[in-house]
């Protein structure tokens, strides 16, 4: 009897002590912040995973007798902690790793997973990325085991900037981001795609703040006001967005926010009425016209008393389940070979996973927070109204990535 | 008087704390090999004088010479290296270290061990032997492994002297070595001091006049920050100024 | 110009908040020589308790009750935790308060959750007070400033007029005298520790809703408070005030200066190779470097001038 | 010969351990323990042996780790830097950073020293984030340990090979640190800890003694950093920050700062708590914090101190007298522990349920944290245990005192 095995077995039992014992339980380790500044964001993600998994387990979408189970690991958005947790998950026999908050973490994970799979192919792991959107993850630092189900920040910026350019009432844009790879890529994208495109539109300021450290954004808002900004482009998420908008609200800032992540309840609550007219780019929002997802959102809300937000988590797990069913295996390499290049039909249309860089192409929506729409956030009595749909093919961008199948 | 430039010579020494002047121009001269006692009423500045000589405080003014070298303004460890060691009125040992280790620390510098990490301490034979010798002289050999902090008071006082002399410094300053001791303990301590300071220069602060007249070759009387008398015991005993100083102090205490 | 005024106002609010925290710590350090590493944890407790109390009876009673509760907790900690370790020396006390900060940091999320709690500014004060250069100034900020100033005056009055204050002041200026004060010294320690914690709690009450009340709030402020206390001089209240305002202003004003060093240097007539090995340094802007200032000062003051700005004794 | 026996035994144990714990989980655990042991021992060189409470000890580990990581990347570019020698690079990094920070910090002692290191910890993290090209900003920098030249066919990619690198370096470092305690510097460090002023009157500059100990400690912390770089293959600002420094303080103190080997106990225990308990419960940090505070108040000697207190009893052959008394402590202790654990677990679970977690399991048991009865049970357990301990503990202590005479 090896003690290590015994210990590992005990761990595994405790970890997987889910409600149902099935023929095969496929464990997914969610490595995201469950404490600290971004805990709310991580928890929201966890609820969506549980929701999506329950659906799949009920319908048997992953194949007969195959159930999904979630292991939640709190990384406090720290790359080095994430790697310790990744190690732990792999040691415990988890083959599917998923993460979304923080491209800094995603870089560490994708790199470590690639190394692990090379050294220990029997314990290969797949990285399902539902929200880390630094373009480099599917370009310079791409890796066969990484699949991204959210549009990258350049794809989103291209859609967003084309909308901003149509808004003739906007003249002075301030670019405000978190200081890490993702925020830097948003800033770079905004500068590239907005500078020199319209004579009466200029970027009047660009600034980055430490991730999750600033508690009072008032001085930054005052800088924006001093610069006369009438639009703010920001990739901030979680508390960094909520507090930013809260400070803007307190200081009477009149400009429009163009965001990536305005739609989460946490942020909406802080935004209040001042959010009217602020815009976001996303793959879904409550007023995208799709009855099946509306049903889903209602079910989610009934269960978790939160607004449904991460449609892409449901889509991601649905696609993974379908790939498992098709591969008739939960071996990550076999599943990955099906996922790469997979075409999938979901309630919003056809989506496809690019084979060359494992980036999902899906419809995107630009929407504006307004009253008088069908589904509103009760806190503010407003909801998002679509003002533009971007088809999957329009979001395709050139990639420097070249992927070879694992040996 | 003596061979100038030899022994310990203090000239015009002054020390103020803020506006308060404690040492007001002390002149002191201790010849090589001499046993010298510093006496005086409480608050005369005796301990402060020792602190100035040994580099604990910087002097405000004046000059301190050890064997012809000007050591004014040197730091404590430099003064020790020049050959001057001291003990403290309030026991100042290494409480968690054993008796043997305390003595070894006392001797370490002068028995060849620098701040080295390469050689093992046990490799310094003469150092261990010196610590053993001192321990034996102190009569503490049977307490060798006991932590200094757990020793009885008299033992701690003995060790206090031992740590000061273990390094073999040629000039030793003892600050009230017999303070708080019983009659018999004091006698033993005096014998010990006599034995271990053989052939060295000794300066001691002492309240017990019996001890002073027993041990000292010469005596200096410090009162109100100045040396008011200095000389062989008999001469000092008869000095009028000394009587006034002591009686004055006593009178003050009485009223 | 008006923009500058706003910046200064914000700096003052932040500085006064720091003072509220550091004044309590200064008292504790000055009297007892205990560098309470858990001081900012009491600030956090203040905010959380105020949140809980305000959900039941509203903000105004919480403004009084929460600091009192924190003060009582502090006094209990002193009596049953700190006093027993006192005989092991200052390092043991430091270790104790370090452990305490750690444990409070773990217990708070246990009780209130890991997410920020919705502790809100009372509606009466949640209005813009005036507008300067197109920027609204929230009334609550002024309220924070007033509370801080009121506390400052109350503290000085208490120190000047009450018997306890007399003892505390004596102990601050002549620490050795504490030993000679007689039998009630331990009780004075308990009171001072409790009062210091209550001040931290009060700071938590008024800052928790202006910023966010979340489990990390102690961590982000803890070290800064130390910087203030050490810079001001251990045991010096006026030193703490000066240092608080200084750091508050430096931190806030510097946010407005996103001037890279290489530009600042070229203004001084020095040109540097921006593409060279040190490009991180040259491209670093003043506002990014500013957060370092308090810690740099903390280290330098301790290493070179242990008495701090206005202190009379060494750390 | 007798003094070498533990070291030889440790070497054999190190050879044997990976075969007992050959699973990936077991090896990860062992690797973490080895790194933690080196780090904690280097920390105790300062706190236990030199009386320096360093709140920024992770700075030295971090610099060592970052330098080793850069060397690892150079190896990836074709430089001849064998992976097993990266800890030496780490040592250089630790040493360099110790020269810098030590030059400032060791001028002062005790509380002032502790405060300076506290400031340095904050300062260094802030500075590290300002230089992304060296330290990688929020992402940190990563490398591939198998990029180095293969030695005898080993590329050091697998966990098992990493284990052997870690084990060898842990053994060497521990031995060297132990040897340091037997040198003049080691003894002077003790003297400076006990009474810095007196050291000055014995011909040594106490600040200089502190500086040398600090620098040496930095060297070993750097080795730990190098090992960490090999094991994790990433270094970030988090490895340098005050949280990492706090963790090493916790484990060292819990193990016991009064002996050389105490920190080893602490490192093993805390890593076990962290990795083993960390999977079972979210509350391990609270447990280690409570343990730490309890130790500071009641057992400042740590675990090693408790064990050591029984050495005289054992020598006198009276350990048998105590067994009965100690057995009687167990029920009270177990009850109190179960109570505390139950309460914290319930609180954590309740918090998780509020946060949206659906499974209501505590350590594998289906207990509903929203109901009142589990709370009552836990509270009663705790109170009963405390009451029992209140009776049995003084008896046990009296028995120990009698036996230790």
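Each chain carries a letter (A, B, C and D) given by its place in the written order, and its residues are counted from 1.
Keep in mind that, in the parts below, a residue touches a chain if its C-beta (ideal position, glycine included) is under 8 Å from a C-beta of that chain, and two chains touch if they have at least 3 such contacts.
Owing to the predicted nature of the structure, the values given are computational and were not obtained by experimental measurement.
Participant: In contact with subunit B and with subunit C at once: which chains are those? Just list them.
Facilitator: Common contact partners of subunit B and subunit C, which must touch each of the two, are D.
Participant: Pick the pair with more C-beta contacts: C-D or B-D?
Facilitator: Most contacts of the two pairs: C-D.
Participant: Return the chain whose centre of C-alpha atoms lies at maximal distance from the corresponding centre of subunit B.
Facilitator: Chain centre farthest from subunit B's centre: A.
Participant: Could you grab the centroid distance between subunit C and subunit D? Build each centroid from C-alpha atoms only and quote it in angstrom.
Facilitator: Inter-chain centre distance comes to 30 Å.
Participant: Just curious, how far off is subunit D from subunit B if you go by their C-alpha centres, in Å?
Facilitator: Inter-chain centre distance comes to 44 Å.
Participant: Using mean CA coordinates as chain centres, what's the gap between subunit A and subunit D in Å?
Facilitator: 36
Participant: Take the average of all CA coordinates in subunit A, do the same for subunit B, and state the distance between these two points in whole angstrom.
Facilitator: The separation of the two C-alpha centroids amounts to 75 Å.
Participant: Any chance you could list the residues of subunit D touching two or more other chains?
Facilitator: 355
Participant: Which positions in subunit B touch two or more other chains at once?
Facilitator: none
Participant: Considering subunit C alone, which of its residues make contact with at least two other chains?
Facilitator: Within subunit C, residues 109, 114-115 contact more than one other chain.
Participant: Which of the chains are touching one another, listed as pairs?
Facilitator: Result of the pairwise touch check is A-C, A-D, B-D, C-D.
Participant: Taking the complex as given, what residues does subunit A use to touch subunit C?
Facilitator: Going through subunit A, the ones touching subunit C are 34-37, 39-40, 43, 207, 213, 215-216, 218-223, 225-226, 239, 243, 250-253, 269.
Participant: Mind pulling up the subunit D residues that touch subunit B in the complex?
Facilitator: Touching subunit B: residues 179-180, 182-188, 190-191, 193-195, 197-205, 208-209, 212, 216 of subunit D.
Participant: If we count contacts the way the header does, which residues on subunit C are in touch with subunit D in the complex?
Facilitator: These residues of subunit C touch subunit D: 33, 35, 81, 84-85, 88, 90-92, 94-96, 98-100, 102-103, 105-107, 109-111, 113-115, 223, 226-227, 230, 279-281, 284, 288-289, 291-292, 295-296, 298-299, 302-303, 306, 314-315.
Participant: Spell out the residues on subunit A that touch subunit D in their complex, using ranges where they run on.
Facilitator: Result: residues 2-5, 7-8, 11, 13-15, 17-19, 34, 39, 43-44, 46-47, 50, 72, 74, 78-81, 83-84, 87-88, 90-92, 102-104, 107-108, 111-112, 115, 118-120, 123, 179-181, 210-211, 304, 306 of subunit A touch subunit D.
Participant: With touch defined as at the start, can you tell me which subunit D residues reach subunit A in the complex?
Facilitator: Counting only subunit D, the residues touching subunit A are 20-29, 129, 137-140, 142, 144, 146, 157-159, 232-236, 238-239, 275-276, 278-280, 282, 355-359, 361, 363-364.
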